[in-house]
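Here come two complexes built around subunit A, the first alongside subunit B, the second alongside subunit C.
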Partner chain A sequence: MAGTEELIDELSDLALFADLARPELAGVAHTLEEEWYADGQRILREGFSGTGFYILLEGEVAVRIEGQERARLRRGAFFGEAAILLGEPPGADVVAAGRVRVVHVAGPALHEFLMRHPNVMFRMLQEQTRRLRSANRWAR
Partner chain B sequence: MTMTVAERAALLSRVTLFAGLPEASLQALAELAGEAEFGDGDAIVLQGQVGTGLFVIVAGAARVVRGGEELDRLGPGDYLGELAVIDRMPRMASVFAVGPTTCLALASWDLFRRVDGDPELVHSLLRGLALRVRHLSEHHSH
Partner chain C sequence: MGEVDARPFPPGDYPLVVVGSGPGGIQVSYSLRRLGVDHALISADEAPGGMFRRFPFFQRLLSWTKPYAPVPRGSRAYERYDWNSLIGEEPSHRAIQPEFMDGTSEFPSRPEMEAQLAEFVRRAALPIRYGCLWEATRRDGDRFVLETSDGEYRCGLVVFAVGVAEPFTPEMPGRELVAHYVDTRDPETYAGRRLFIVGKQNSGFELASGLLHWASRIVLASPRPAKLSVETNSLAGIRARYVQPIEDRFMGGGVYILNASIEGVERAGDVLRVRTRATDGGMDLAIEADEVIAATGFVAPLRDLPALGVATFGPSRLPAQTPYWESASLAGIYFAGTINMGSPGLKKNGVAGTGAVHGTRFNARILAREIAERHFGVVAPRPALAPRDVVGYLLEEATDAPELWNQKGYLARAVLFGADGPYDEGIVPLQAFVDGSGPDGVAIGLEGDSEGVIRPAAYVRRKGAVSEVMLDPDPLNEFRGSSDGRARLTAALEGLLR
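Entry: the complex of A and B
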């Protein structure tokens, strides 16, 4: 378990938090809960409720839809926000590939977290845009 | 066509990208929006150009074209140009008016100015795009 100062240092390296000054980062670090997952453990479960917004700090996760791997996420990646924003169960399984460390915001607390940190939300918006572009397909 | 601010706000409230936005935010957007008229076949946005506007179709229709292939048809209440406005990268497709078409146009600099002081607006954009990402993965799996 990292101390708060170490966690702030770690968060400051991530693109998601690049716009935050240290005092705001300290506030973020206090809000986030740290969790560890073992290899093969599911962090999010496709179609099941009980959600959170997760930011990956160490290790790698596999994103699987109907059992099929669609993507690998690494340090700095985030997931779980779509289900919360849309009020729907997660659209994919997210499974630890090796030992994984994340920080997370519980589903019900996400709206307040985002309202408090609009710069983080804007970084998330840019990442969504990147995902839509890289899909390179037209969908409404 | 000249719409009042209230009419513009009402139209914007029905666009999925702005769904659930508080009245004050809608009102502010409606005040920033300009009306743009296009004739049949006019380009609303062009593939490869860096975007400076997000458009919502008020009346008429549009076709989405990429590399000569028609990808989609859009009608009143549909939006276009949102990705280029957010990341200021080149447009992924062209959109042409089909018949006389009226759009509400939001300039990227106006939108960015709003974004700074209006977290609810960013939240609704994030939600709107999350919906699109989800549709993509659903289409992919079926």
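Entry: the complex of A and C
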């Protein structure tokens, strides 16, 4: 469990929020909703509409496509943005592997959130570019 | 000889103990009793009502009961229009709230709500042990021991319906100079005072609305911009009843709304000075005020449950819960009432299940059935359906079922397909259906999107895999006759309707 001050401290350690001064981070912390998942609970559901954007604060999640695990994500990772940005349901399940704590932005609120915090959008773009580069390397 | 204590449920051994006599505790106890589950109901209060014995401070609720609805009062469908009455099985236990309203508003006053809850308890002859304060909890083998002001209760299961009722003020320099919402005095004592309200959610705007014509100036501040329910198209946001201060602000009427964190409060002579730091690129300020009030919410009063293994999360310290409202980390501990917000459901489009009475009363009835079946060997009836009736039944439920309307995206009507054909599984948590295992089946609920459009959503489970089928909206929310809905559901259930 974390109070808002603790949540601000936690967010300040994440690459996604590295460029934000504390007052802006306070605004972000109040915007994000904290959630907790038990082992095996689904956070994103393959093929379901109305999804959200998640940032992993504690624990690990497994990315599964048709039941097959394809990747593991750890603290600081984020997921769910692709489905929202493309307006499509997620192409994978994301499942808690052990106890997991995340913060969440509802899909319809993500556009406004990113426009309000362009530095977060830039960091997200950087990470997406890294993912794309890795995918290209694998494809070679 | 000493006085005989006539109260029910003396300390001792019980299969199950329910703690709390607010709407959540009363509803779950009522429903358990109807299912024949032996249990004790204890409460620290002296009368039923929970938080409605005291709040909302300005004495009128945010939740409506419409005396004249499109459906008959007392029918199941009427529960959609009456957000406040507890749900009863017998006619005399149903739709009690409108009997206690004076006709001046569709929102009952706090005393009217309190009277309704007391009347429900009276008509249902629900035994409650009042004046019995739960103080501590421990394990004894596979049982729980509740230490109370009256003695020890030993039980295998506990349902905590204790509200999200403990006032919370965040850490800040000068916190001791800040009053909490719960300490709000009679409005006239704020005449001519300059108020600084920390928090821009409903409780902050309730105070601002109620004190608008008393205070000489009102500043509301919190880091996050205020959102209105009419913008979010959901209950998340400031309700329409409380938007007057926003209008006063843009009219220049002495109301100021800041997106700022509170850096500290200090005394400056006879007044207080609040230092704020803008979170939206605006100016940092030092604002003088006569009074500073924290409308910063409440936390769940869980006492020592976290030390016992109940995981909590978020600023309200809610217990993490399974879709059936059991602690996600400590089996045998269940929750009812507002505290159910710790099981938010699928949160499609960001919409969680409501923690208000209109939704949690249905959760409580489902919880009672779950406990009765899982722990007490009760088997609730599951009526068979003719295959040809399934699609029509699902669309009928989407049109009228109060559970689906009052817990959108959270509760659903499920029909399962067994060896002998389809049967009605009842109202279930949607998350339990889509993430759980079981026979092939279909669950239908209602979902609102960010534009406020409400549409039925069906989830079809075949061989363990669940697919989503979104149906078209209807301008009058009449889904019964929808040819599109009928065609799409029929196609989605192909091969199952035998």
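Here, the second predicted complex is superposed on the first by the 136 of 140 C-alpha atoms of A that agree within 3 Å, B and C clash if a C-alpha of one lies under 4 Å from a C-alpha of the other, contacts with A are read in each partner's own complex, and residues count from 1 in each chain.
Following the convention adopted for this analysis, contacts are C-beta pairs under 8 Å (C-beta built on N, C-alpha and C of every residue); 3 or more make two chains touch, one makes a residue touch a chain.
Computed from a predicted model, the values in this text were never measured in an experiment.
On the superposed subunit A, the two partners subunit B and subunit C both fit, without a clash.
Of the two partner chains, neither subunit B nor subunit C is touched by A:74. Of the two partner chains, subunit B is the only one that A:132 touches; subunit C does not reach it. When the shared chain is aligned, subunit B comes close enough to touch A:65, but subunit C does not.
Of the two partner chains, subunit C is the only one touched by A:52; subunit B is not. The vertex angle at subunit A, taken between the C-alpha centres of subunit B and subunit C once both structures are aligned on chain A, is 140 degrees to the nearest 10. Legend: residue contacts after superposition of the two complexes on their common chain; A:122 is shown touching subunit B, with no touch to subunit C. When the two structures are aligned on the shared chain, A:29 is found in touch with subunit C, with no touch to subunit B.
Minimum Cα separation between subunit B and subunit C in the superposed model: 14 Å.
Common to the subunit B-facing and subunit C-facing surfaces of subunit A is no residue whatsoever. By the touch criterion given at the top, residues 65-66, 70, 81-82, 85-86, 88, 91-92, 111, 114-115, 118, 121-122, 124-126, 128-133, 135-140 of subunit A touch subunit B in their complex. For subunit C in complex with subunit A, the residues that touch the partner chain are 170-171, 222-224, 259-261, 277-280, 306, 311-315, 317, 320, 322, 328-329, 344, 346-351, 409, 434-435, 447, 449-450, 467-468, 470.
On the subunit A side of its complex with subunit C, the touching residues are 1, 3-5, 23-24, 26-27, 29-31, 33-38, 41-42, 45, 47-52, 89, 99, 101, 104-109. Listing the residues of subunit B that touch subunit A in their complex gives 64, 66, 71-72, 78, 83, 86-87, 89, 92-93, 115-116, 119-120, 122-123, 125-127, 129-141.
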